[in-house]
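Okay, got some structures for you below.
Look for chain A in each of the two complexes below; its partner is chain B in the first and chain C in the second.
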Partner chain A sequence: MGDWRPYSALAAAQFRSAVAYRVSFMVELFGNVGATVFDVLTVLVLFRATPAVGGFSLREAVLIVGLSSAGFALADFLVGNVDRLKNYVRAGTLDAVLVRPLAALPQLLLMDIPVRKALRVVFGFVVLGLAVAANDIDWTAARVLLVVLTPLAATVFFGSIFVLSASLAFWWVDSGEIGAAFTYGGRDFTSYPISVYGGWFRNLFAYALGFGFVAYQPALALLGRPDPLGLPAWAGFLSPLVAAVAAAIAAGVWRAGIRQYRSTGS
Partner chain B sequence: MIKMKDLRKDFTVRVKASRFRRKKRTVAAVDGVSLTIDRGEMVGYIGPNGAGKSTTLKMLTGVLTPSSGEVSVCGLTPVPQRTKLALRIGVVFGQRSQLWWDLPLRESFQLLRHIYRVPAADHASRLKRCRDLLDLDEFLDTPVRQLSLGQRMRGELTAALLHGPEVLFLDEPTIGLDVVSKQAVRSFLAELGATGDVTLVLTTHDLADIERLCERLVVIDHGRVVHDGSIEALHTRYGSRRTLVADLEKPLPDGFALPGADLTAVTANGHRVTFTLDSTTAGVAVAGLVAAVPVRDLSVVEPDIEDVVARLYAER
Partner chain C sequence: MDQRDASVPTISRIGPFRAWVTTFGALIGSGFRRYSTYRQATIAGTFTNIVFGFLRCYVLLAVAAEAVGQRPAGYGAEQLATYVWVGQGLLSVIGIWGWTELADRIRSGDIAADLLRPIGPVTGYLAADLGRALYAMLTRFAPPLLAGALFFPLHTPQRWQTVPLFALSVLLAVIICFGCRYVVNASAYWLQDARGPIMLWTLGSGVLGGLYFPLRLLPAEFVVVLWAATPLPSLLQTPLDVIAERDGPALQAGLVAVQVGWAVLILALAALVQRRAERRLVVQGG
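Moving on to the complex of A and B:
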């Protein structure tokens, strides 16, 4: 690593490859916005039926969605295509990546940078901006820092989940869409106040797996609301820590996976 | 340059035992290979399908982690020092492209220059040499996906050499190529090997590649080295012999024999005879034959390496 030039050259090449097919590129670019729009629409529709969900008003809930989808869209844009790893492992084409003098993961990501998903990132951050404006936040230095750090920590967190679920392919080539339960499933989980979930399910996803710290706890801290589930206010500032732990685990699993790689006969 | 000591790679395969149960079984793809290859050597690595050729190559290039044993290439340990090693070796996997599918060949080369951090002047001179020797100019601006296999392989070779590697690994570089492209690839590699500063290891099923390029032949089977030496040494070991084929004006007299040679075939109503040379030279045998009967035409046939290798494979 260290020198960024090779990586930027790879990214530029990927962009030129993507626009080589012009029409399909434009269709995908705009088609992809749809996915993120629907995430937000779902929440809006839900609140048409009821004024409050899990003790949260529409404005507050949109803040949670905004934090979650801005982070997720950026992670999906940067890291999401690592789920193609299973194809590379199955076909043995990871060989070509491994004989180059660059780290394998950045190469894979840059070979596949999904330019078409760029608009989703823009949309996610627009929603976040609107949600921040719509809520009456008592701005302090800590909260300004929090509103900047949270989407970034969410990006790192979701990115780690993407890498973890893709790494399954090293051990289990037929891992299929199991990883999606944690990536896309995780995004859906974090889009709602976790007070709507019950019992062991909430404990597992929100606290044990850390999804509760992606958007819900930081949103509480931003709004200055006490946690109906009883966690102290500083829990909202834990998201960078949770993200760092997730990233460390993902890096370890990835490295172990590369050593496990079996290639294919040729 | 390359050292392997007791190198092993085991794979676990699951075999269906009954409808619901599967048995685990360990298969040794490479089973204790020890080899030393010096700088500038050109080594042909052959063996039947599944013998462990590609697996060995993948361990040498840092793609696969060995199960046990030691391996070093350019003084580096392939897997832990993978990216460092990658700067000093070139790799062509016949079935795996290093090029960017949707970009013109020229851009792939440009990209590789950045990836390997090659100074522009070195890059230009190496590319110039490859362009001349491999006739790249006519398709340099064509997207890789539109290249023929032969053109693409010439592109792959160039791609593997642009950073001036010390060792070049080629996994079946001529697979699927037509005769002309094969020739182009072979003479290019021969030229490269003649300079003496590139160590070349190639696996192939086409023994003509080996005959043309490699003084040293390593035959591997079931993950073990079964022969390591020159092609001549292989012939000596398996007693392959040259043959003398002669077209005669009239059949041989009854009871005719050449000392030190066996009459192995008589065809065309006795007008064509084949002697296998055992303990005599071609010159003595020809002289003996011409003295006995008028000869219209004759040829001395070198032993066929394909036959020798086929016998080697069949022994297992």
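Moving on to the complex of A and C:
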């Protein structure tokens, strides 16, 4: 990374351009919170029709959605913009990024700093706080550590998924919406107890791709509930490990992608 | 505007109506061809639709399994599965998201070229959008429905009129959605930068259109107000309720009638907004 000043100059320039159209900026700021608000509202609406989903009560479900949306909102705020990579690759503007004597990924992230997503992070953590307060959690040192670590691990995990699905553009420029299946799809998957999903679909997303460890397993450990799907209690503490593995894979794929990038050459 | 509706000055012997139809048809064809060139994006989008179909279907079925009487909001499990999978197929046909072309052209000043054409922009863009929807209907509608049918029991329509009503309802939904997007995009005439209104539209149309959950899960009075006072439930909820046969034959047809009203109203509004904008337009650029 080295000197931070070029990065802060980039960030400041982007901030000024984001707030240049003030009305649009305010609408975007609140519109972005709206997206997360609606995710949480959807859970509340579904529970109007039923006392339990997948064997979990409303309070427990809100804890799961709180862990997931706090982590996702923070990851989206920090690295979500990397999904514009496909536009840069198609247009060839990535060249401009690569010739500068700065690291490519941080530059890309700062090319469009998402100030508008800031409020959403706050909302995600407020929901998490309320959910923790609403549940009767038997606090131990391990659980305090868990409630702090889980959103951070979720952030790293979702951030890695963002980078991974964006890197797809290095090999497949027209990958279009396919990344959304894993970024936003992953957020939706982790917002519910994974006991609602059936057979192979659950195995694929929860265990093979690791989404089950983002919010569901930690929530079980916080609540002291045994896993109806049979994983032991310590599985709730695996989320930092899963996040670290995801980050390592994402870093490797990103480097490979940068190496094999060929400009559009026009 | 009034004299310029898709009627090209012509010296041929065919009448003005046939000229209008020919032009409109040609524009539909061009919209169709334009979107049919994005083949890889079509595959990628279909994959994503299917993944979200699984996510939504499992969650709604879990709700149904534990709801009182196992019929949340009056839908049986098979009707819910149909609701989700047909919804995933229709998503890109209706085309709620991602159309900022008009706003971009207003911002860049390219709109000036559209205004010089012998066809009003509302008519021209509507034709192109119908072409886009037709292409999406042929390519994007069936795969999610097939995936759904493969993994979940779906509801088969019981009444003869359901499928034709559904087809009509989808056409109306495409027109209503186009009208809404046009008006939202046209706010750029006044704001220059329509990011804000477009974002509000994306947000509102997804939730209140019935994509995230069937609106019938909300309190009944609220749903009636939503249906009568906003065009949003007419986008997805109506076609999906029609194909899932959520209501009796009378209400099923009634919901489509509401769509007709909204289609007329929203196109009139789009034309009005366009006229007002042309009166005050200062084209961007040098």
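The rule is simple: the second predicted complex is superposed on the first by the 263 of 266 C-alpha atoms of A that agree within 3 Å, B and C clash if a C-alpha of one lies under 4 Å from a C-alpha of the other, contacts with A are read in each partner's own complex, and residues count from 1 in each chain.
The working rule: contacts are C-beta pairs under 8 Å (C-beta built on N, C-alpha and C of every residue); 3 or more make two chains touch, one makes a residue touch a chain.
For clarity, every value in this text was computed on a predicted model and none was experimentally measured.
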Superposed partners chain B and chain C on chain A - clash or fit: fit
Contacts of A:W172 with chain B and chain C, given as first, second, both or neither: second
Superposed model, angle subtended at chain A by chain C and chain B (C-alpha, nearest 10 degrees): 80
Partner chain(s) touched by A:F15 [first = chain B, second = chain C, both, neither]: neither
Touching partner for A:F125 - first (chain B), second (chain C), both, neither: neither
First, second, both or neither for A:V23, with chain B first and chain C second: second
Contacts of A:R259 with chain B and chain C, given as first, second, both or neither: first
Dominant contact partner of chain A by residue count, chain C or chain B: C
Touching partner for A:G185 - first (chain B), second (chain C), both, neither: second
Least C-alpha distance (whole Å) that remains between chain C and chain B when both complexes are overlaid: 10
Residues of chain A contacting chain B in one complex and chain C in the other: 21
Residues of chain A that touch chain B when the two form their complex: 3, 5-6, 9-10, 13, 16-17, 20-21, 92-96, 98-103, 259-263, 265-266
Complex interface listing, chain C residues touching chain A: 38, 40-41, 44-45, 47-48, 51-52, 54-56, 58-64, 66-68, 72-73, 191-197, 199-200, 202-203, 206-207, 212-213, 217-218
Chain B residues within the chain A interface of the complex: 11, 50, 54-55, 58, 61-65, 79, 82-84, 86-87, 89, 91, 93-98, 100-103, 107, 110-111, 114-117, 143, 171-172
Contacting residues of chain A [partner chain C, same complex]: 21, 23-28, 31-32, 34-35, 38, 41-42, 45-46, 48-54, 172, 174-178, 180-182, 185, 188-189, 192, 195-198, 201
